[in-house]
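Should a chain be cited, it is by its letter among A, B, C and D, assigned in written order, with residues numbered from 1 in that chain.
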Amino acid sequence: MKKLINSPESVVKDELAGIAAAHPDLVRVYFDPDYIVRADAPVKGKVGVISGGGSGHEPMHGGFVGKGMLDAACPGAVFTSPVPDQMLAATKAVDGGAGVLHVVKNYTGDVMNFEMAAELAAAEGIEVASVVTNDDVAVKDSTWTAGRRGVGVTVLLEKIVGAAAEGGTNLEECKRIAEKVNSLGRSMGMALTSCVVPAVGKPTFDLPEDEMEIGIGIHGEPGRRREKIKSAAEITEMLATPILEDLPYKSGDSVLAFVNGMGGTPLIELYIVYNELAKILKGKNITIARNLIGSYITSLEMAGCSITLVKLDDELTKLWDAPVHTPALRWGA
Amino acid sequence: MRITAEHVIRFIEGVAARIKLHRDELVALDSAIGDADHGINMDRGFSTVLEKLPTVADKDIGTILKTAGMTLVSTVGGASGPLYGTAFIRAGMALADRYELTPAEVVAALEAALEGIMARGKAQRGEKTMVDAIGPGIDVLKEAQANGEDFIVAMRRSVAAVEAGMKATIPMLATKGRASYLGERSIGHQDPGATSAFYIAQVLLETIESIQ
Amino acid sequence: MKKLINSPESVVKDELAGIAAAHPDLVRVYFDPDYIVRADAPVKGKVGVISGGGSGHEPMHGGFVGKGMLDAACPGAVFTSPVPDQMLAATKAVDGGAGVLHVVKNYTGDVMNFEMAAELAAAEGIEVASVVTNDDVAVKDSTWTAGRRGVGVTVLLEKIVGAAAEGGTNLEECKRIAEKVNSLGRSMGMALTSCVVPAVGKPTFDLPEDEMEIGIGIHGEPGRRREKIKSAAEITEMLATPILEDLPYKSGDSVLAFVNGMGGTPLIELYIVYNELAKILKGKNITIARNLIGSYITSLEMAGCSITLVKLDDELTKLWDAPVHTPALRWGA
Amino acid sequence: MRITAEHVIRFIEGVAARIKLHRDELVALDSAIGDADHGINMDRGFSTVLEKLPTVADKDIGTILKTAGMTLVSTVGGASGPLYGTAFIRAGMALADRYELTPAEVVAALEAALEGIMARGKAQRGEKTMVDAIGPGIDVLKEAQANGEDFIVAMRRSVAAVEAGMKATIPMLATKGRASYLGERSIGHQDPGATSAFYIAQVLLETIESIQ
């Protein structure tokens, strides 16, 4: 296992200590239970937006805590959803009296742990609403599965609903906007390599030198199928087509296009993928009104990428453009 | 047969040891159809439970089990945390204020635990989860109880049923949890949670057998 | 070779096309010769700041073109310095009448190609000044070497001198500020893995599963020495100590600390390294007044990191804080 | 011996082919002590030169060499681009307006090329660069010329000297170029640029031998 870490056990604590040391102007970090809150939390009268999930997806979610995005993030162990204690503590820490929105990625563990936290918070008289992201078209959305995974849309949703909350939108409206983003967003990812969970010490799956996994999630899970490696153009097509057909995105639509790296893929390759995606969308007369290119929702050091599209309207575009100031996303401030 | 709080504590300690022993095997199973953390999650949780046990050693069985369950909820994470945590909490609620148990009470507590898991996980049998291992085990105990069968004999048959249920998850198509994302590719692999459930059942049997 | 590319030959062109498609609001991209200029170039009366180097270091330099940083970037083939034609064309494209500053990393090829371009530009009557970065303490600075390599300081220098130029500083002053940043900056890097030059198709060097290279550059060159992999704390110490002793950085100093990923190392590990660096500097009573954490000067998909320190004074701090709006670095705008 | 523009073009075409043939070997050498691109850079450059040649086929030898040199500068990049580019440009300047060359003119042009490389690279002999291969070759030609030795015989001895110079870079400690960053670790590897220089010298010899 080749990683810049001190020990598998200390990975999350050490990283959180690094965030605390690096960004005291933006966030405060608490331990046992572990959570990160924006430096000025709780913001009186503002809806608190919190998220959380397993670690290993950095900068998501801790890197998105700050003005205009998340009020708090709850990092679990690597690839393991956080526990209710964390979400309960974070919910209390950010409650400014206007209620708290839980942004939950659709994984059985995340959903159950957030559910328990919400029950406990409600019992303490805090108004909690939840939105569950489930944008991964690689998973059949049917009674035959736990439902689609929450992936790339989560990042974009946190930015957009964070801007709404920052602007004084109430809890019910924040929930509506969040659900709207999720309903208009779709994603799909692929891997060139597996990744190594520190506590495990070896790759989660083996991928021959000439093969790739299509339809992976963000936890080193094997994907839907394996194929021989193809060109960036073909791979982009394999990811974009199911996304486009699923919503579907139609001629004349305007979208936010997000090309995401899985952690081990350098930016030069992401721009090559973006170039192919731009060609495909142009061919379908779909306008990329906004874009985001980089490694924002990762799977440790996995090499690969994911594509996310969110159909934009004026409301969402305005919220996307609103100022944001977090360790990982910053503009207009 | 007198099943005391001390036996319950020995049972929990035994589970912690057994899980640690099989940590890597549970990780390997979860690597195939999940995210390679089940063994780590369970080991982390039960190790913390071990630290907590002394603080409730003199308490009633209900308190001991509830404390274990709440500790699991607070430390395991993932899907198995709320599930096993709920199981121990429900069992503890069923045994509130008891310092000694009859076999019937044990069966009732195990039934409550299963109900807790199925409610929290919204899972039925046949979905390739821990429910497929635990369910058949409970069936055997209830039916044995109805026939007035000897408890230890029943427990042995029950654990055999749990093992069979665990093995039966291999050909199943997962429709709950992470494994369900794999669709057809989930077939042919044994479910990690069903496997940890089997180890827990094994320790329960050994604890019962060690009594008298 | 596992990469998201179409062909080894088309990597650079495809990436440039991606940048052009993604950031028309910020930059214009030209081909044959290849260069990227900010959308509003040339800016009348403003000193033009251009840089360039081999590709494979993204986001450097193309990702730094925009308001408050570079006016143009010239990307060569992967790990190969660009040719004079590119720098000449870029120099002409950004010359607003106040002269042009060439930011050159100290590699024989880069220096010679920029030299030839500067000669040609001068022949066409454009005033050109050059600054050569040479901050890599892994290389002995002696007549026995081509001198120290230009690495991490280059990114920070481009931000700082870019802000100066944006603020109307003249060419001579820009050169002074650039040289000041270089003289106050030191870096050192390490690799956990090698990287694959697309046209080569196999790793530049082989590194056993339990070994790392200390003192690498940014071109997949082998480093100064090989060692068994150590903890993040030990590795950070191995990088920080030679840096601290070289300038030297002293108790009471205030620094800009830059923890950089080599391309294949995820952010979670960089924060772990930052945490160790913060502890070391605190122990030496050196204040981290500003920081930058992320993969900004990379070596394709190499796993590893580099640390850069620049001693700050008021002048440099103000320029660092000044607004910047480029594809890869953005704040205050 | 009549050395014509056509021979010069055949020489350049031969170099392009020889470099392509040894592309991967030059990359491997550069991987050991550099950045694994020398073969790629040279191949890219000379392939472009091949495309340019037809446009100057009817021009004087000086123009042909200068065009080749400027194309190398514009397409090779790295250290070798300016160096080989300058070499061809300087040789071309030495042979301006000539359509036919005497051996003496060839030697003078080669000397100008070496001077160009040493000036642009600020390199001396013994620094583990192409200079260590080219230098000894020029020495032989000048001394042979002084002794009125037959040109082809001299060329053969010259290329042998280039080869020896190339091999002599193996034990050298690099003090110029990328390899110098490696310090002691540069010892024991043959310099890529010295190797490409040897292949170019080989083709020059073969071209000369093919004449009459």
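Rule of thumb we're sticking to: contacts are C-beta pairs under 8 Å (C-beta built on N, C-alpha and C of every residue); 3 or more make two chains touch, one makes a residue touch a chain.
This one's a predicted model, so the numbers in the text were calculated from it and none came from an experiment.
Listed here as common contacts of subunit B and subunit C: A. The distance from the centre of subunit A to the centre of subunit C, each centre being the mean of the chain's C-alpha atoms, comes to 29 Å. In terms of their C-alpha centroids, the spacing between subunit C and subunit D amounts to 32 Å. A straight line joining the Cα centres of subunit A and subunit D is 55 Å long.
Taking each chain's centre as the average of its CA atoms, subunit B and subunit D sit 76 Å apart.
Interchain contacts link the chains end to end along an open line, per the touch definition above. By the document's touch criterion, interfaces exist between A-B, A-C, C-D. Those residues of subunit C whose C-beta lies close enough to touch subunit D in the complex are 33, 54, 76-85, 107-109, 112-113, 115-116, 138-140, 143-146, 149, 197, 199-200, 204-205, 217, 219-222, 224. Considering their complex, residues 2-7, 11, 14-15, 17-19, 21-22, 55-56, 58-59, 63, 192-193, 209, 212, 229, 231-233, 235, 263-276, 278, 291, 293, 295, 298, 300-301, 303-305, 327-328, 330-333 of subunit A touch subunit C. Interface residues of subunit D facing subunit C in the complex, by the touch rule stated above, are 27, 31, 34-37, 40-41, 44, 73-83, 120-121, 173, 175-178, 180-183, 185.
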